[in-house]
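Okay, so chain A shows up in both of these, paired with chain B first and chain C after.
Moving on, here comes the complex of A and B:
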């Protein structure tokens, strides 16, 4: 019987061919380019060894971008878990309007992040909706996106709100999978709300938490569209993530070799955290 | 007592929903006012002003952008469905050391963000003359969507009892005929999820399109919208109108097919 299916292996060859041409080959090529001083179009370039990587380590803009990437990744992930779980707990109860609430909150997930970013720009711009509220209460208009720290916080907030629906849906599905009898048993034992949450809900949500954290974390570490729409990486280099910096280095400064090195840094950052979350989830599976 | 309790729940839900989508409301208000209207973005116009939409459509060449986006999305979806269903079948049915290695390889591709390969990918596409072509961007989209969709099919096929295949094999069908006649018809539910996941990803894509579709005539929607905002001193009200038009198709589809969209995200998350 085995050999009957064995010959069907050729059916995955087209997919493998695409992976080889558009992932594996560029991956290797990227490492080669990162060892050169190529500008992206010239015929002439030199191999410069590890120069790009040593410059990278001392580059203030790269350090800012790396730090920002982690802020975007972990900031949005934390907020999304806290809000997403709280919201899912709310929507898991029976009341009028919960279906509509779920529908509306999930809508932004399906809208292009760059368009959603521009929509938020109407809220955050100097003559925008947020400053209208502030002046209504007698306050002074604020240039929301002109300071690095505030802009980073706002980018995290915008990203969190857009993708809140993902964690909410995952947690809601997780909550609905918890058998009602556990709660009934706990109720008979006289366990209070908090005890029931910490003793039943949280442990049983463990797989959902890991899934949601992984999706949100990787999405946050790759953040690109929202930054492009709201700040373009500015003021200066203050809000760049590695992804937007890579783009600016390649197309803006035409330093292809250096940009390839930034790409490797971006890959390594995401790779490390993916491995960590997967390691954690394996350990968790053994516990159960 | 009971009414009061559900009142705060309704209130909280309304607040969260409102915060998540009020930028869309603001954008709609802006799109319905002329640029000369300096009133607050919160206040809807007494008389809606529609020329923004006409202007956005002609100046932004949105018709071309809609068509390009539709072509790229449709081609990508078709290829993703065919290639991933095909690839998953032997991986699910023929367990061998080679196929375990192939499966692991595909899983590891899932961890490579396309953007980190920007420089070499761009060089490769220039080299094979794929910049600003439909086939170039489609192949890139297909490649980076395939790992996830192959896994969706893989898990789904694994859950189909092997008795089905074996009955057909005993009747003299080939392994390919089993795929075509037995497996394929059963794949409908997961295919819906695959279409939605890949379709939304490609329709909304900005980062790949930004690099690989540079000719103005090849612009997709996200690029057309961002070009409105990139021009300083441009007409922001027209830009708002363009943004509103761009999100209409996906919003309508979502409201109509909500159940499937939610199932799609759950399928991809709980793989």
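Moving on, here comes the complex of A and C:
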């Protein structure tokens, strides 16, 4: 039997090495640390078995962060799909200035999320632009970011505004792939705008919807920068996501072992929803 | 010919290696604009001038605490670094003991217990001593007819706050923004907690805090004071979104009466209004049976990495830093007492000298979180404080949260 080694493409080895060093090794190390009481900087630590995980199950702050993570993930994804599709439908029309319109809608994607967060902080802070407008009309200044619920809604809004351009681009590409003849046939059959949208556009956008939902969902579930810039996870623990809680637990409370356990929870959360999305994707593929 | 070429090449390499300067990195937690940074930089420059072949990089590491934690985890540290209050609890594992240095016997008695571990080992050169109370804007207090030195208890303090509030000023500027500025709220606890739990010689929780048996229900009065300040309208109106920079600006603009910060608040206010009149007073007691007190700790404390490759040079520079002219320069820059005492060492607090005279005789206690709590509690103090201010936590929840973190960290 002839060896297959000679036929093997070894060009992937550098990529594999990088993947092993920067993804696999830290991942395995993260799992190991989750079973220790390491403080994040000492050379000494103890293995504590499943203690971190049992504490995690009863931790009110982790439950809050998990709930917030789901809110950020699904809230942002929902809004991004609705707005992204609306923008795509609008900017798919032929009119003067649509290229500029597309560019403006996509531009925020290019800005760093931290910068976007701080820009919005300057708008929303007590002496910020929004309160200036309110006082201009005789209103009283509002502490926008000091109530958990309001702050969460604002974080979702800022994240949505930043990344809806991604959805728009995906939907635009999807819309441009739908053959015009379907619309012409529907038009001849007397189908109105809504009917054409529900009967042709939406079903044929299915692959685009799945791509967009997956990308936005993963982005939303691991949301970090905007939260850090706008609220830092506060007030209290009210706006923490699992990602920001992990950071605060590791560096702030110096509980690296416990933070690693939170990291595993975050990994599992994203993993489960990605698998579900992939499953839905395989079942619902449409041929035309 | 070939041999000659090789010999010349090897010679050149050896000469280059021999001529390469010894490089020291001194990491500071002070930003490059801070007076301490520029003073250390100037001292380093004079050391380099006197010691040919030595090069010193004085650097401010971004996100200092977290960067240092990462460096410790990797056991790859700068040659020397500042320990910002944590020379014993956090950094001692990585620092060389300095008990054998020639200046060790000159350590000021006011700072020696703060920088010593249980066995008496010291790991840093404390160039100055953070000696703090409650900072005030004298112009505002005069306008409100408040005598800061007549304030003995928190009740007296609140009566003074009422007077300041009555003239339309903010009595206490807490900052308070969640995120990067939440330390301003943690600082409130650092100032208030000792009066409830530490300073009263007859009844305190020092032992219980140390042995892990502390009942966190005793935290409630501390947390309650913060909530009372908020509910009575003593705090800055944006008490959940105020930044540290704004505290300095408001203080300078004469909008605030008190600030529960070290004298660095005076330095910050002077940036915006150098002509303002600022002073400091002792921290009030929680009960009439106790006395007001001061807060003390490390300010500019520098240690040497225990595994340093150029230990001799690093120690030589540390000894150089300990010379009277250098210690005096750094302490004067911060307007606080010198960390070494004896011949040549002289405290020059500038405008604050009369205030230091006034607080002489008051007992000083270390920063609450650095000595009485396990390392890692600071964040919980900040987070629960912000949570209370924003009403997203009850006092019971805040005490429970503090207790949970405390027990976890004590169990290590």
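The working rule: the second predicted complex is superposed on the first by the 277 of 288 C-alpha atoms of A that agree within 3 Å, B and C clash if a C-alpha of one lies under 4 Å from a C-alpha of the other, contacts with A are read in each partner's own complex, and residues count from 1 in each chain.
We adopt the following convention: a residue touches a chain if its C-beta (ideal position, glycine included) is under 8 Å from a C-beta of that chain, and two chains touch if they have at least 3 such contacts.
As the structure is a prediction and not an experimental result, all values here were calculated from the model.
Visitor: According to the stated criteria, A:228 is in contact with first (chain B), second (chain C), both, or neither; which is it?
Guide: Both: A:228 reaches chain B and chain C.
Visitor: Kindly classify A:270 by the partners it touches after superposition: chain B alone (first), chain C alone (second), both, or neither?
Guide: A:270 contacts chain B only, not chain C.
Visitor: Counting residues of chain A in contact, which comes out ahead: chain B or chain C?
Guide: Of chain B and chain C, B contacts more residues of chain A.
Visitor: Look at A:148 in the shared chain and tell me whether it touches chain B only, chain C only, both, or neither; answer first, second, both or neither.
Guide: In the superposed model, A:148 contacts chain C only, not chain B.
Visitor: With the two complexes superposed on chain A, say which partner A:140 touches: chain B (first), chain C (second), both, or neither.
Guide: In the superposition, A:140 touches no partner, neither chain B nor chain C.
Visitor: Which partner does A:252 reach: the first (chain B), the second (chain C), both, or neither?
Guide: It touches chain C, and chain B stays clear.
Visitor: Following superposition on chain A, which residues of chain A contact chain B and also contact chain C?
Guide: 40, 127, 228-229, 251
Visitor: Would you pull the chain A residues touching chain B in the complex into a rising list?
Guide: Chain A reaches chain B through residues 1-2, 4-12, 14-16, 18-19, 21-23, 25-27, 29-30, 33, 40, 83, 87, 90-91, 93, 95-98, 100-101, 103-116, 118-123, 127-129, 132-133, 161-162, 164-166, 169-170, 173, 207, 211-212, 215, 218, 222, 224-225, 228-229, 243, 246-247, 250-251, 256, 259-260, 263-264, 266-267, 270-271, 274.
Visitor: In their complex, what parts of chain C are in touch with chain A?
Guide: Listed in rising order, the residues of chain C that touch chain A are 65-66, 68-70, 72-73, 75, 90, 93, 177-180, 182, 237-238, 240-242, 246, 375-380, 383-384, 386-390, 392-393, 401, 405, 408-409, 411-412.
Visitor: With touch defined as at the start, can you tell me which chain A residues reach chain C in the complex?
Guide: Residues of chain A touching chain C: 37, 39-44, 46, 55, 61, 125-127, 141, 143, 145-148, 228-238, 248, 251-255, 258.
Visitor: What part of chain B is in contact with chain A in the complex they form?
Guide: Against chain A, the touching part of chain B is residues 6, 9-10, 12-14, 16-17, 19-24, 26-27, 30, 38, 40-42, 83-84, 86-91, 93-94, 96, 98-99, 102, 105-106, 109, 111-113, 115-124, 139-140, 142-144, 146, 150, 166, 169, 174-176, 179, 200, 203-207, 210-211, 221-222, 225-226, 229, 236, 239-240, 243, 246-247, 250-251, 254-255, 258, 261-262, 265-266, 269-270.
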